[in-house]
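This is the structure I want to talk about, given as structure tokens.
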């Protein structure tokens, strides 16, 4: 794996990939909605950018593999995209954002990948939306749009009719869906922890798991909030997004709010679970201490009593009494009974 | 029970029920306020939508059963309602919201159901308000409007005179009332927990119950806040809501605020109860430890003393003294007295 | 005591008292500032509403007893007051609020009653302010305005000159004063708890008291915040409140802020007290455990040693040594000394 | 000490001192910047208010001693200052605020006094700023402006040239400086607590001190925040404050923000210290319990073993064995070694 | 080290260095982008300020060493910079801020220095940006711009072409980079603490380290937030910053937000770690108590039993039974087995 985990943000001249390499080689998918065809391109020089000026058509150019910056630089320079956008595309540590330019809108979001080895990960996907084309860029750790591609291939009518902004909405929706699935997975784990383990067996691993889930939720929240902000900044009168499609974007924002609500609710539940855990730990400690105290409190005085009559003094009248031994037994039994009554009253057992 | 618990939000083409099915079969109630009659319809083709153009009348069309999407699709298409609204009606996992369209206002809210098996549940009810009709849609887990229907049947005058927006206000009021009842039920439980159980008997189940109530309150709050926001977005100059009725809606918003105040107060009280509980747990532990320490501290040294004179050394002058045994008793009693004084000073008993 | 504790808020037709009855019978006090007289009326039909149209005079009509809704209905209908205002007056569970109408301003606030049996209670007082009269309504659990009435009777000049809005300011000021007194009472209790009890004797009742005070403060805050909001919404250019009197209302708002500041400070102090308490509890536990540990650690090994020489083996050379017994004593004293040094180093005593 | 600690805020007629009396007698300092002289006045009738109309001069009238309200009433009535301002000056329990009037600006702030007996205290100082004079009022618990007076006496040029608003800025700056010194004093105490005491010796007094410092910071914050708000409300185009001096006031606001930042940071540090303390308390408890457990676990079984052979049964073959005694010693040593290994593995020592 | 740690903020006349001295002597670096040369100046009188009026050139004047205020006073007076800006430059305790003046923009920020002896420190760097020059001032504890100087020397083209505002952006970017590196260093430490130490060995030093890291993050946050605010206040239409360069500043603000996100996430993680730690401490305590309780509960009763038959009563029938000794062993073994079963059921081992 190549790549630096962090971007040197201060250097506007530096235009290179920042992140981890996953794909061996880049490849580009070009969807032409009118010709009803999609083709896979492995050499970026083969793209015919003249076609893109045909405003009657809708194109989706999906670039997989950011580690090779040449095709992306080429595409951006051909389509007149600002150097800062190019940098944002190549630097996969960007915060989700939306930026409006004169000739296009830039959208950078994080798509969440399914839990892998109990580890949450996101992948940056950048979009450039113009009048009749949508560009998308990703290193492609996971496949986020397969079912959309399938639907497009099957029935291209609706997108062609509705344009590139509608396609972008569908892709963002697919990304949002992944978040929902992740939060549901976390919810399932929360249910597991809170219903069985935490109550019967307060092992510190439970706290570990709870804290892990809290951090996962924070991770989702951290990526979700700027996503919502970015979508929320889409409003009436923007270029490239038709007003009749605005309601779809509002819907997306609404679903983001709903997801954040659910995350918040889960965090509250996990905090409850932490409280529960500590309470149980304290309770168990109390139980253990009670057992120790009952046993000690009963037997330590008794041991003292029998110790007395184990002494070897020449003069100890009691030990010569005929009923001495039995009397002692009586005293000891009485002591036990009194103590048991005392503990019972204190509700210790 | 049919249905997926979560909506696939990304797919604007998918128009189908999302949620759990409760009713076996849909049925529709049509209230015609002028003819002073209400009828139950089991076949959606029997609805005469032409009547709805008669602006001198007020209609309430209440659709029970969302699992069968055909009647709803039919109604929406006949009345020219947007596909996204249709989706919102069918997807019962929506966040409460208000949306203004050109020809109608859409209202999606959650009605809360009475505690069932200690479990809180909500049902989504969607409203579409137009000039002279009100549509309401629900799967009908519970009956939320029975007493309103009764009042309408008895005296239709006021609604006819005041129009569909007043009817909507009354239905929303009924929904809000259910929330009040739920919060009161939670308050009663809180009183129970904080007044008796938590003090005398700090069982970890108390914490469990407290955390359960906190989560119930969060659940209510989560549904109440967007409800309040939705109602709060009703303002002067809206279509379909007469200005003279605005005060009623303001009243509703005010009551929502009041409910949220009460929820907040209850959460504070429950957090106090948690503090109380942990304090009591710690106190009880202290009491147990004190008992153990008093008994141990008194008898362990005494046991040592009697142990000494149980030794079998040939040369142990004390054991041959005539007053030896009694001297030892004296020393031991003195030890006990000193210790009791020490503990008393430390205020251990 | 008659009355439902909660309002059925959804029913705009229902106009009846909601709350608890305190007075046996309603009575009305009418202050006429020009005639310099006040009279007590027990039959609402005796009120001459025509007088109220004489704009050169200032009237204060104070209605005590809400449980009998007839006089209030009568007054409101005679003076043309909206049905919703009437409802707000009768429903004593309203949130404090201010509403501007065309012909009058409605003010609903909660007046706090002095601590009674350690229990805080509020009473709703509703005001209706018009050009030349002020109406006030209350069930009259306590007497909030006595000293103002006295001052008015003694010197009516200032109010007559300044009008009804100035009178309202004075009444609101009196209500705010009660809040100040309540918060001071809570402050006194806080001082008591934090200075003496919590430190020397961490009984769980201390936590109980702290939590009780926190809840009292929350209760005051819950009533104070909408009070402040209501007063804060008074602004330049309102009907019925002269601009030259605005500064008085600003003063009230300022004092409300000050009170909320003090509440906040007290809550912080009480949270500190809770921390203190738990720390002391833990400290006391440590002290108890130290005592136990010191005693046990010293005497348990010694008891073992003396146990050895209490064994009855035929062959135990040491017990036949002449200095055996004294040697053992030496060993035991050495053990004690070493342990005491060890504990001293660990700073256990 | 005379005076009520709280203001009866509701009574606009009441114009009298509220607070604690410190000075025996009032005295007034009048600075005339052009005549380059300052005089001390002990009879308020000696002030020549006609001079104040000479707009070419700058006056600072500093009144010490609020308990005698006569001079203040006289000054306010002579200069046409509103009765509410007069009340605000006399009531020393006001919240810091800024109010713009037609002919002057009123400024009420709290000056903090140096720690006295570990106790923080503030003094209210009120300013009235007009075109060519500045009034300041205080009961004078401490001397806040001495070094400014010295500077003025030495070099009156700058103030005369710059006017009364610049003088006000300098006085407010002096007050702000006292806050900085107080926060630094708290910071020093925090350093002391967190670096030495808390770690080696977790006495509950440490928590007490931490909570005390937190409350001190809250006290400063409570006085600082409205101070900042008051200064922050100074803006372009105000009467009596020249635009070229605005930057000085912005500077003051900036320093207030900085102070609040530092307070916030200190609060965080103190909360860390509390965590540290509880952690240490728990750790110490663990250490104590470990010692107890190790000693008990080793010697209690051994004591049992030696107890066995102290029994007096007629038939006990082992005690007649020749190597019996030594065998028992072997068994006991073995037990000790096994246990030590076990504890070592558990990392108990 | 000379210097007062705090500024006397109230004194606008006082113009002197506030802070700690690091350099022995000041020196000034002058970059002239057109002549492609940079020179180091040790006598401020050698600066030719007439050059600065040549608007075709771009100058960067970097002043190292603030303790000697003469060169700075000289530069500011020559270039007509306001006295308050001069004060801000010399007082190194300023809050980061941006101020727009007529002829220049002032920028004060804190640059963070790499961890030195586990201690975080910042250095104040002040910028003055005008049409064709950029001034920077610092005491120079560390070298923040070396790699930028190198790049400038190598290739001056881009800055000359883009102007002084672009240079400022690059310098601010370099400062931001240092923050990123610091937060990464803290992240590494957090990983270390949370992955290994906290789990296996809950030493209180772990809490100490966690709290230390939290405070470091607070320190970064405290400096970062006003930095972001300052940059965020750069907007369209400002003098001295070209609109085409605005996107670069937006980028900086975006990266600041990202950094604050990461700080927030780390704080959450550290709070989780604290929870983990306390849970582990409690768990370990439970384990210790269990061991103690098991051993005590088994052996204390047994010791009592053997104590009985160590008594010396004349009449003790059991001790004369032939199987007495073996019976007792049987009873004791049975006791042990029953107890072990009991503990196993309680899941104590």
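To keep things simple, chains are lettered A, B, C, D and E as they appear, and every chain counts its residues starting from 1.
One rule holds for everything that comes next: a residue touches a chain if its C-beta (ideal position, glycine included) is under 8 Å from a C-beta of that chain, and two chains touch if they have at least 3 such contacts.
Keep in mind that what you see is a predicted model, and the values were worked out from it rather than measured.
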item: Distance from the mean Cα position of chain B to that of chain A, given in whole angstrom; value: 26
item: Chain centre separation (chain B, chain C; CA means) in Å; value: 26
item: Separation of chain B from chain E, taking each centre as the mean of its C-alpha atoms, in whole Å; value: 42
item: Mean-CA-position distance for chain D and chain A (Å); value: 42
item: Where chain A touches two or more other chains, by residue; value: 278, 282, 285, 289, 292, 296, 300, 303, 307, 310-312, 316
item: Overall pattern in which the protein chains touch one another (line/ring/star/complete/other); value: ring
item: Ordered ring members, chain D first, chain E second; value: D, E, A, B, C
item: Residues of chain D that touch chain E when the two form their complex; value: 158, 169-170, 172-174, 176-177, 180, 184, 199, 247-248, 251-252, 254-255, 257-258, 261, 264-265, 268-269, 272-273, 275-276, 278-280, 282-283, 285-286, 289-290, 292-293, 296-297, 300-301, 303-304, 307-308, 310-316, 346-348
item: List of chain D residues in touch with chain C within their complex; value: 6, 8-13, 82, 84, 93-95, 97, 201, 203-204, 207-208, 211, 214-215, 218-219, 222, 274, 277-278, 281-282, 284-285, 287-289, 291-292, 295-296, 299-300, 302-303, 306-307, 309-312, 316, 318-325, 328
